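Both of the next two complexes hold chain A, though its partner changes from chain B to chain C.
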Partner chain A sequence: MSTTIKDPETIEPANMDLPDPEVVKKELLARYPAKVARKRSNQIIINQKDEDGTFPEIGANVRTVPGIITQRGCSYAGCKGVILGPTRDIVNITHGPIGCGFYSWLTRRNQTRPASDADDNFMTYCFSTDMQDKDIVFGGEKKLKAAIQEAYDIFKPKAISIFSTCPVGLIGDDVHAVAREMKEKLGINVFGFSCEGYRGVSQSAGHHIANNGIFSHVVGKNDTIKDAEFKINLLGEYNIGGDGFEIDRILEDCGISIVSTFSGNSTYDQFANAHTADLNTVMCHRSINYVADMMEIKYGIPWIKINFIGAASTAKSLRKIAQYFDDPKLSRKVEEVIQREMPEIEKVREEVKKRCEGKVAMLFVGGSRAHHYQELFKEIGMKTVSAGYEFAHRDDYEGRDIIPNIKIDADSRNIEELSVEKDAEKYNPRKTEAEMEALKAGGFEFKDYKGMMSDMAKGTLIIDDVSQYETELLLKLYKPDIYCAGIKEKYAIQKSGIPMKQLHSYDSGGPYAGFRGAVNFYHEIDRMVNSKIWDYLKAPWQISPELSAKYGWE
Partner chain B sequence: MLLRHTHKDILPREALTVNPAKTCQPVGAMYASLGIHNCLPHSHGSQGCCSYHRSALTRHYREPVMAATSSFTEGSSVFGGQANLIQAIDNIFTTYDPDIIAVHTTCLSETIGDDVYQITNKAVKEGKVPPGKHVFHANTPSYVGSHVTGFANMTKAMALYFSKSTGVHNGRFNIIPGYVEPSDMTEIKRLAKEMGIRPILFPDTSDVLNGPMTGKYKMFPQGGTPMADLVSAGDSIGTIALGPLASADAARAMDGKWHVPCRVEDLPIGLSATDRFIDALRKAAGVSVPDSITRERGQLLDIITDMHQYVYRKKVALAGDPDHLIPLVEFLVQMDMMPIHIVTGTPGKAFEKEIERLTAHLPHKVNVAAGGDMFLLHQWIKNDPVDLIMANTYGKYMARDEDIPFVRFGFPILDRVGHSYFPTTCYRGGMRLLEKILDVMLDRLDRDAPEERFELVM
Partner chain C sequence: MNTAKSYTATRNACKMCTPLGAALVFHGIEGAIPLLHGSQGCSTYMRRYLISHFKEPVDIASSNFSEETAIFGGGANLKLAIENLTRQYSPEMIGIATTCLSETIGDDVPMILEGMGRMEDRAELVHVSTPSYSGTHMDGFHHAVRAVVEHCNPEGPRTRHRARKTVNLFPGMLSNEDLRHLKEIFEDLGVRLILLPDYSERLEGPSWVEYHAIQKGGTPIKDIREMGLSGASIELGTILAGMVEKGEKTAGSVLKERFDIPLVSMGIPMGVKATDRFFSALEEITAKPVPEKYKRQRGRLIDAYVDGNKYVSKKRAVVYGEEDFVAAMAGFLAEIGIIPVLCASGGRSGFLKQALNQILPQNIQGQVHVHHGMDFTQMEEAAGKLSPDFAIGNSKGYTLSRNLKIPLVRAGFPIHDRVGGARILHIGYKGTQQLFDTIVNTLLQNRQDTSAVGYAYM
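Up next, the complex of A and B:
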């Protein structure tokens, strides 16, 4: 059986008439006030690889222009919603007025599967201190302490965490002091996050705050060594629509064991045990690459970038993991799994491709998905003409090589950077230097991410933090067959007669990761771009409005 | 079990809210602002507030919900959000060209004490507000009241900002529909028009949040109260405010400012509340009720009498907003149902008293809490099970765990369609509500009936 799926990079882009990107860029900026146009100009880049292999610098992780209608969220959303949201056995208390806790209650589609009915699962619950005006005036620490005590008395969780909303930082509640006091008193782990919504410029700040918190307060607390041969952590995978379950299935079939996933379908103990894995694999580079770095420094676990979005990428990632462990038995098993899964995928892909080939997609989402999902579109012959992230940083566009050149501005400085060193007891290099060098010499790349731009064609338009206005113009100028973004954009785009696929939450579908996920995605895109319903936008009397002279039929 | 940690034992809670039955003011303010024609809501706070509110409203309506934000950073939180708001006003008018920007505050801007009135005046002085365009605001701190309060504050703000009095009656009648769906607003307008009244309805989200698919997106759709109507509201014959919590403040403010007499009624949910609305409208506007409306009333009554046996003495648990729950409880009680567990997250002791009054004659203990939450409601259900749960979509977790028929009612409804197109207010809305209740209860009878008792005719 052959694995004929081509490496996506070798799929030729469809030959099409695209508008001149220079003209598009000019039009996107024309209406803005001069100062705004200047700023946005740095964030709208025509893709082009220079001779030295670098890409044009893009403005990213910079402040959003007030009033522009952004799709970005806040630090709290990134911390409580994205990172800690998918962990089921921590009682997550939102310290603030009711709204923030309410909106982050079950609204992301990260699935969880407790081992049994007796296992803790607090993900269906929303916990809040519901601060009132008197708490704002006199301080909320007393109420927070009482709330933690009540949560402990009623739910007896193994850990409680506290998420600060905007007013908490402003009135000076010290959530960390409260956490320390209650940790001491209750004898369970209690920790807080200063993830007030005004910190940073997007939800990315919240990811950072959350991951730093988990790294400081939880990782390394449980030294149990899992009895398994090839142990990895999966970082930056949030189990939206069951993605993580599909990845788990594949890895398990290959004989690769997941110690912890950050943070899809995760538990407190998995985080605590994460330092016992032998390899960190990073899915969403944006939300978590720094955790991988810290784990390498502190515990000696190397990390690699992998991608389970796209059938070819999944196969490539599995092979990369096998290559790292350098075990013939594992490599054989990985090949077996790939050979087993591919025929069905190929069958569907060929069938769907007939109907999708040459169609055009746009992706404006997340910190990695606008890149990764281009692979899936390529596999069915679709071309991405414009893409961008909502909250990513320059390295996610231009590749990690430019990290030393990133200027740290005032907004980033507010987000704590942990300084990490070798753990005196737990540091254990998983590979000797010689082994690492040998792997590198053979072309194996550690902590490498080349970014979105390197995978996009010359002349495509890369737009960071795209605004509603720009989105509407892009639809007019490019007339894409599908647009991918989030819930806030969805219906404005569909009202324009263009199908819109949510890639934050997947609408109602998924999984789209791994092998079965690829098949699901091919079918889903086929359904959307080839639906007949878009042919019925006009009523018969709108198509031919001329009146007939006679009443009734002849 | 999805809510596996909810147990019968009710331990006292003073500080911890679990599974809230309310959300915060700004989302209600944003919803009300969308009910003005050519108006863009603006959230003066962190980006996340605006993002969350837009997402919540978008998921509930499956329609575009546009709003801008001041995108506070740590710097603006320290030095104040004036620069952000002025820049936002400039960008919004330049880029999106609405006629009106409706600013609402958040817990952030309220805590630091931003004076939005002063900031918008400065924006006007600096020429950032083009001639004929308007910026107005409502104070909606999230740590006071709930989403209903936010709706009330924004509705009052729009009434006070725009309305004028020329001293000459315009021959029209103001109706403040309350925190209801676009479909309900259409229904309320329809009935008023059938009575020969030309209503000024504000806010009016019909044809904004239930728009058609046309292949053309318009950021400012055809619906929404026209600015001219808001201006003219000061010349109206009178105002009827539906839902005391959401609408009374605006109506009273108009009375105070322009002497437009007002009457506050319950939301017209169910038979008697609709009767009171129609009757109040009739008397205030000096019109007679056409037969067509009396016939609709009779049809609702007809379904109740036809199906009474299926609802009689059935126990119901309810979560929602005070303005909805009061007439709903009245309606259920009228049909001889027994609403026995009733929770709203919105604080206010008046609610508890009113529910106690409405349910005083029931042959069963009734639990009611204002400022309660769904966790408490679930515990009550565990201690005293019910035949039906009515709540927003979050109620479905309780319904599944306890295997109890469930009707979605309130905000938000995230997993079904219909609420934006088909009303639950007035007589026809009453019919729809009853249909929904009967559907789930009869489906349950069908599901559970032994074969010999499985009935063709019910």
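Up next, the complex of A and C:
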């Protein structure tokens, strides 16, 4: 019996009659003023691998032109909503008017599982200084201090963090000074983030600000070494719909211990302890690759890119982790787990594939999901004809090799880059140079990410920061069988008669990661692309008007 | 009895920010598109929130401030945004609402728009000032309605040829089904209605045969331009009426001031008393008798009140949400013998207490705790001491109901943990009937769920 999925690359979908990407691109640009069209033209790329193995340069992480309805969020959303949102025991105070806090109040469906009822869980709370006119005029620092004191008095949390919204930076409130003062006063960790919504190009800037903050203020604060043999950090996994729980289950069964997850189902202590892990594994390259880099420089922890979306990818990632630790016992255990999980997956996959093979998907989401989820579609024989990220950078499309060529613009300059050095006491290379070289020589790839383009077919259309307007045109021109994006796009797409799967919040589904997640996803896509609901769009008298005549009374 | 402790920070707010209300209003105008002047995150957040309630496309554009824009002003961004929106969406109106960012730096939006000059067949540009640090989404809503009316009805001769048979109705923030019900009532009366805003079709439409840049539906702009000629205006909301009395300008008061159009203010017609008042006013304004259909609805409702009174009498409720929603809902509950022991809102108009004093019968007022500027955590603390039997309001009360182990009847906005939030009918005899049935059934369900035996015959 086959227990490994065929390499997805070899699954060839049925021949499809797809529109010429050049023509599509032209149409997408037709309605824009010349200047906007030029800019968008750099962000709409027809995929093509050049002879030297490189891909065309894509315009990414560039500001959305005003008036184009983008799906992107802001720096605050990335910082408070995405990165710190899933951490349960830090009191997150939004410093600003009420909207920002309200709109980021548990809307991302990241789940958490406190060890017991006695453990802190502040995730159901939305704390805000709810700034009023007078705070804007006279400054909000006093109110912020009082709010921190109050949060401390009520909850006695391990840490309190402050998130700045747009007006805070403008009126000159110094949240960092307030944080330092209150940290001193209360004796707990208090830190602030300058994540005003106007900073940076998208939520990606906020991820960076958040991760820098956690790295500077929390990581390295707790040196307890976990009593476990194979210790890793899982970076860039946010436990949407319980993805993290499924990954935890698999890793645990393999005997691999997670020191910290950034930041699904996470706690303050996990972050503080993260520097004691022996390997960093990176799920979402976009939101966190720089943390992996910094941890390697400062603490000597190597990092690898892994992907737990897709059954084959999950198996591959587990094997890669085992290979790193180079322990026969671990490798055996990993193989056992894979052999145990695969038969059930194969059964469902074969069944679902019969109904999905040859169908067409489009994915416009995230900073890694639009790439990762193509794996799951391939596994059931579906082809991705167009994809793009909402907030990713060039390296997430073209691969890490191009990083030195990325132009630094005003927006990226505004996001602080930390300069990190070896920690005098805590730096500890996990592998000797010789060991690292030996692994590399055997084809093992450290800190490597080849990006989305390398996994997509020639002639597919890659679109960065797709707009609502462009989405509508894409639907018209390609008529895909399924479109994956977020809630903002969802209903317009479904009104056009095309099933739409949310890959930010998973609609109400999930988990989709790991082995059980793959099975959930196969079933979900099967349900959506083979749904009979669309048959009801037209009433019988609209389909064949002659029918109604036959039933006439006369 | 003081039921609420006061805190510095807001924990789990019972209000949203000002521009959200304005964005919703522009979705209730035919061919209009909202544009938020500020960071793109505001548009994205408000879109996702409105969408999670309506489960419909809700486009909101942004002028996408950058760090430089925040320093040097947003004029250029705003102009570019208007130009781009016009090319892609060909809107008839662009509703420009400011955010805390553009308000804090003091962008002079009217001047920027003035500077763009006039262009043939360009969209109407309507500006509404909505700093998020001032008021709630309800203020944004009312301000946007006023801004649109002011823009479309510039001052002119006060005595013009009146279309006496036309009524302007400013319903406030009601559900799609409520708006449809209002339209139905006027249709049955045979009276022309100009309802502003009306997002009932645009935010609850069928599948598309072809792509719509802007969904169909909404109050036609040409109708809004004719509001200055109507026979009367009606504004729903006791709080709103209080604000008019205080001298604040609303759409209705502007039309009164500019064109001498009589303004009738009243509460949202929830419950028999409030609906009676609504129909009486309609009769008076239009000189048309209440259609038989509504008399029959009223008859059935009173009959149901009698039959179901045993289930609801002396029950205790927590009511929360927008102030006008709370005032109207509390009035209805009191009418059926339920004591609204806690009436709370995140809003802070200063009129909630006064409104409830007007609406609630004397004999229960001593048992009713009214709080404005309240968040859900304070509400939970206060409600915990008041032994409520259930809570009624939007989805955000879920945690409170879960912690207090009382059922939650969902009504108002936002409802994102149930389907059909926008289809709830709250108003008129028919809507009251549906609220009544839902409340009774929720209480019965709770009795069954918490019974050790499990009786099926209640």
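Throughout what follows, the second predicted complex is superposed on the first by the 540 of 554 C-alpha atoms of A that agree within 3 Å, B and C clash if a C-alpha of one lies under 4 Å from a C-alpha of the other, contacts with A are read in each partner's own complex, and residues count from 1 in each chain.
To be clear about the criterion, a contact is a pair of C-beta atoms (placed from the backbone, for glycine too) under 8 Å apart; a residue touches a chain by one contact, two chains touch by 3 or more.
Computed from a predicted structure; not experimentally measured.
After superposition onto chain A, the partners chain B and chain C occupy overlapping space and clash.
In the superposition on chain A, A:153 contacts chain B only, with no contact to chain C. By the touch criterion defined above, A:216 lies against neither chain B nor chain C after alignment on the C-alpha atoms of chain A. By the touch criterion defined above, A:132 reaches both chain B and chain C.
In the superposition on chain A, contact of A:117 is made with chain B only, not with chain C.
Shared-chain residue A:54: touches no atom of chain B or chain C. Residue contacts after overlaying the shared chain place A:476 against chain C, while chain B stays out of touching range.
In the superposition on chain A, A:530 contacts neither chain B nor chain C. On chain A, the surface touched by chain B in one complex and the surface touched by chain C in the other have residues 31-33, 36, 63-77, 93, 96-105, 107, 124-133, 135-136, 143, 146-147, 149-151, 165-167, 169-171, 196-199, 202-203, 410-411, 414, 468-469, 472, 486-488, 490-492, 494-497, 537 in common. Remark: chain C residues 7-13, 15-20, 35, 38-49, 51-52, 55-70, 77-78, 80-85, 87-89, 99-101, 104-105, 131-134, 136, 205-208, 211, 213, 346, 377, 399 touch chain A in the complex. For chain B in complex with chain A, the touching residues are 1-5, 11, 13-20, 22-27, 42, 45-49, 51-56, 58-59, 62-77, 84-85, 87-92, 94-96, 106-108, 111-112, 141-144, 146, 211, 213-219, 345, 375, 394, 397, 414.
The part of chain A that touches chain B in the complex is made up of residues 31-33, 36, 63-77, 93, 96-107, 117, 120-122, 124-133, 135-136, 143-147, 149-151, 153-155, 165-167, 169-171, 196-203, 410-411, 414, 467-469, 472, 486-488, 490-497, 534, 537-538.
Residues of chain A that touch chain C in their complex: 31-33, 36, 63-77, 93, 96-105, 107, 124-133, 135-136, 143, 146-147, 149-151, 165-167, 169-171, 196-199, 202-203, 410-411, 414, 468-469, 472, 475-476, 486-488, 490-492, 494-497, 537.
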